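Comments concern the structure below.
The first chain written gets the first letter, and so on, giving A, B, C, D and E; residue counts start at 1 in each chain.
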């Protein structure tokens, strides 16, 4: 009993063994600190007015990039958040969308056989964070990184195999074993090669990049937190252009309603909203910015038609193996109506032939005219064709499996597939919707077992040869739905041909053939749209590159 | 009562191991629940096991009911080792030995109709033909004072006394030879108790059964039992015909127990032997006579060192007691209940 | 002999008393939740095929995004239409069927599995108990939502996937609760009595223990219906719920959430349906717990 | 008591081992990260190259043992999706945000639920009780993402009181904490209420009143100390539901925590991160339960002295 | 014997406590009157459901609220009516002037507080002492109820004690502030026989030392025989017989008392056949209109069916106020009584 200390009369404190008493004290301490925290919190709360964008800070609420890393070459779908700091050899004109010398190269030339490319580099370009001047060594170094074993950037295989060498401090030369006609697209339109500092790498290695990489862009990297990237204006940029906003902050928000809320509440000045929500944004006093060029072509792939001679994977059991069925499926769609439903905010138009773009080889304007007639909404004819094909009675498995899968930059895809499902059902197809994610579709495709119908996109619209490689040749990418002897041999001929006219003729023939075969269900050509707050931003002009489609943050003009 | 005993317990012992250890438990001791208990139960006889909680009387009942297996020793029912029988003999045993438990609120499955409760023994042992079951249920219900049509009801529709009647009926259905009664009336209201006790007495005559009754109430014991076994810390300390025991308890513990029992009239003055302390832990029971720690008549070292054996009194071969008082110094006979101790 | 301070309560239902009349019994039922459930869940679920005014799956594009009748819409689409021009009311009615069947099948599967294992663990104790309870621990520690995500990307979201996830989430709960219940039931004298009578373990489990654990199981099931509906909604939100175009309530809320400003009714009505249904189910579950199993803690 | 805790810890380790196996199996069930990471137009050589690079061409058991060996040293490998970061580092980076939000939600819900639950029990069958029940049941009846979006619209957009989303000061936590915690408030309150009802009905409370203990003291000292034990066990369950809730709430509020990480990892087939998330989360859950057990023992001397 | 003019320690007059159950409003205690003198023990005997525990709680005004409430009557403690007091005043009565011991020692101590805490609290609430003094008094109180080594045991938690020891602690709590009246509600039912004997002896000793008045609630006539001076026999919420213990044992008047006494087996003698009361006690919502024992009574008359029996007191002066409610007592030896 001697251990009882003198204290005031408190019956509940008397007589307790040591441990509970200590526990009591701790618990009381916790309770007290909780109280303090709550008090402090409430006072903070009262003191802090809701965050409005600072005058010189631009907050953009955008979709989470596919990958959050500073290593551009081993990330996916992250162009829009790396663009402020990293530059490539070529850049695009914000108004015309053409590849221009706004980038780090001032001129370039290719050998006649397109195997040797020489780029003259800009002089006096400074890397961020004081990593010195940009030279050819940085290009060679970056090229090596971008074609390394862990590179997963799109079309990386078309960069591979080159010998990159610094001819002098400001000249760099790539030598390819095969002709590489589309290198400018890769550098400009695709913008897959980003220039990192070799000096930083030599000193700090990849960890240095992860911590604080140095690029040459208008903005320099400040920090990256989960869900957020912060950039600061780089005042030593070689161009005289000074971005209006000193600080650029990306906030990664996947939930569209939340993005809209951020925009409307003033927390963000720019948001990449789904087109469905654009109307709501406009109603809330926001404005939209649109890319100069179409950035995405969408298509619905009738997959599983790997039917070169003797191919066991050929989906002969599929209803859409029958051309009449394919035609009927196309005729069942009311694309005009879909356009209205999916893109009430505009920025989209019908696409006659996927991968066929004005200016690219094989472009055929007659197909545009024929499209309305031969692909236009005609449910009666669709039913007739189905009857002729014997659908569904002549088919063992008459079910059309439509895949719903999320697609970066095209949030409308789910609704689009639901609409297609409805249209197909209306004319009498037995259709079912399946939710399969991107990666699974990919693995099915690589295993050549994708006997499904799924949305696909072409972003950015690729040059014809790249498109042929990706979509209609064997072995191509996993998303191809179509392979037959005729197409394969013609594409082979096209790739071997050097004469531009003959190339154009072959490509045109191929596009016409694919058109007549109804190999897929071409859908839309889209421009990127963003909503912005006119109180913060006056205007924004950007060309539209890659799937996420926006960049050129230095062209954002602040509202006065 | 001259025939062979129905039930024989020979040196029956039940230890429960006490374990310690984190992963691999070591046995550090045993709870001595039942310790070398030997007794017989004759046909038509009621034997009461008496003692305070934890003395092993309930464990003994469980051993008889095959709810526990003995650590050593043997239980014989009609000459068969109870814990060795299998098959048909086991089924027979299950019908021959039945039980009535203390709490009529817990001993009837609330989800079964009275008919199913009562007939369960017959059904699971296929003791009688199916058609006969209903007749047997009707008979046994009327024997315990319930109406046949009540067999369709659920237990919650009955009062405590009626529920105990149902429990009794379900025990009687197989016409058992031995009924184990575990405090069969202590959970009942006073005004109901005598009904049930009388019922037990009547049924014993009707069915010619033996009862093994576990009890702590001495009044009930005196009224019901022919023979009483007093237990303390797992051991039998005294075993005697009821009258002989109640008239002249021999063991100091029995004496204390009797003195502690409440009188039936305020005028009855009884000498009070208030035992000091409480029953020691059965994990580490006292050496020698386990009662020596509280015994007011302890005679010395022998009590601490040697365990007294249960031996019959010379003057009454039916009356057994395990106490050194009677084996060491036969001259001293304090068992008249009117001693001079306090 | 216990002397309860409320002497009346113990003898409730003693043999002599008459049963309460039908109407009197009816009045004691929780009528509001039952009414809500009947109107919201049961009637639509049973009769959506005949009563629903429109096709729940096929819409008409010209009729898309019609507001509800009191907000400028017409009686043809009383609760408005969604982005594909499908009638919200019809979808809600069919959705009741989906929600109800997911809940019932899932709870049945999880309940049966969990109950069986809980019975085994509680009755036999020992090694079986140890193994089953460790499995329960593991299953509790594994984030079910991740399992759902994994299953959904592996097998694709489907009715079966949801059922598997629901089963996975529920079984451990049942196993634990039932085991606890069994532990107490097996100590009751009627089990001892059955053993004395020579009943087999199987018979004891099926005839004696299971019926007495039934209240717990039923109450648990009632309380679970609501959480399963919510789980379905949460999974739909993550895109791994019931596949389109099935009219499931959760999916409807998830799909309509973006248009909360301009077409609030798409998400509002299914959200309201979920809230009301779960609310009523919880009330009913509470009531049943009070009635059937006061010992069961709030779960 | 110590023995009990040691046994629990060992059991937990065993469970964690089993969970690591499940996590491994789960992640490998999802397919290959190659498919998730490669762009649409990448050819089979690219896929083969990455498969080799990430060691996915080796037999599964081999991969598991490599994983297990590393995991035992707290190394779950490098993230595939977040190049340049280790899987465990990523989890550790995101975990504080989730714990912060979850902890805040729990604290707030406890501060609200405990007194309300106690008072609801004391004033049983009064309007206070009914109102409490109503609020509680409402919290348990609303889909949390729906609640989250509605909260954003009311408090961030219309009233402009609080930020819509993101990770920041305390003000950023309020809305997600409400969306996450309301359900807990409900569960907690009901649990406290029923535990209190049971305790208030007990003999020792009767005895306390017989002693002449003032009613307030009977409730807040005598009864609550006993009744607190039941809700405490619920903390373990909450630890689980925080994570489940976080996956949804973090998406709605763009809260960069483990919930978001988990979804991204699964969608990206980032095996190391999936495994790290699952094992870490199971670990957190188990530790939370161990803490609850220990606290339990402190609150209940019957366990303390075993 | 005190002079008859001195007020009894506690007197209960015409107490009626109602409980609102799902099956309707019942009168759990229906017009109960009794009194207990200073230093004496009153036994209240009855079966479960007879209302004896509710009577005890009614005296302390601790009936379970809000379902139960005291409808009318008086509870006079040294002449003061407790039912008129405010809740605050009442709290000062509880524990200080009237205390109570509950039936089950296993559940009547708070498991999370140490024994010392619980005793100290009981004393501290009614004394304005310093804590050290309080502790000393708590140890004293424990010693008084013969808890061995009380200085050490104060640190124990209830679960570390045996049932008998716990009941002693409950006793220490009840007696810690030296109340004048102790209500013991079946305090020994859960105890073993020898422990029960110890406990009853203890109570008697304490009573002898302090002049405490005890109301002993029990179902066991044995306890009454050993402990009580006066007895009130309760049946179905009412006192049916009341009087000095010897009068009741020697010449019980009410058929219920008689039957009860005859149906309990004695340990002192062999009984061939016990009397058994037929049927079972009535349910509160199904009370007979007249005498509540009538359906089970062997000597019931027609009148018993319709009219509750008046109270008759034994005429003889030395009867000590022996009275009973039974129509069969309408005979010269008994006179109608108002109370």
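Observations on the structure shown:
We take it that contacts are C-beta pairs under 8 Å (C-beta built on N, C-alpha and C of every residue); 3 or more make two chains touch, one makes a residue touch a chain.
As the structure is a prediction and not an experimental result, all values here were calculated from the model.
Once subunit B is taken out of the picture, touching still joins all leftover chains into one piece. Seen from the C-alpha centroid of subunit B, the farthest chain centroid is that of A. The distance from the centre of subunit C to the centre of subunit E, each centre being the mean of the chain's C-alpha atoms, comes to 50 Å. Each chain gets one centre point, the mean of its Cα atoms, and the points for subunit C and subunit D are 22 Å apart. Centre-to-centre spacing of subunit B and subunit D amounts to 54 Å, using the average Cα coordinate of each chain.
Multi-chain contact residues, meaning those touching two or more other chains, occur in subunit A at positions 12, 257, 437, 439-440.
Within subunit C, the positions touching two or more other chains are listed as 1, 11-12, 14, 153-154, 257, 260-261. Residue positions of subunit E touching 2 or more other chains, listed in rising order: 48, 57, 64, 103, 114, 121, 125, 219, 280. Within the complex, the subunit B residues that touch subunit C are 65-67, 90-91, 94-95, 97-99, 101-103, 106-112, 116-117, 120-121, 124-125, 150, 153, 156-159, 162, 167, 170, 174, 180, 186-189. Put simply, subunit E touches subunit D in their complex at residues 57, 60, 62, 64, 66, 87, 91-96, 99-100, 102-104, 107-114, 121-122, 125-126, 157, 159-160, 170, 173-174. Across the complex, subunit E is touched by residues 125, 201-215, 222, 225-226, 299-302, 305 of subunit D.
Residue ranges of subunit C in contact with subunit D, taken from their complex: 134, 137-138, 140-147, 149-150, 153-154, 226, 230, 233-234, 237-238, 250, 253-254, 257, 260-261, 267, 271, 274-279, 282-283, 297-298. Across the complex, subunit A is touched by residues 57-59, 61, 64, 83-84, 152-154, 156-157, 239-240, 243-245, 257-262 of subunit C.
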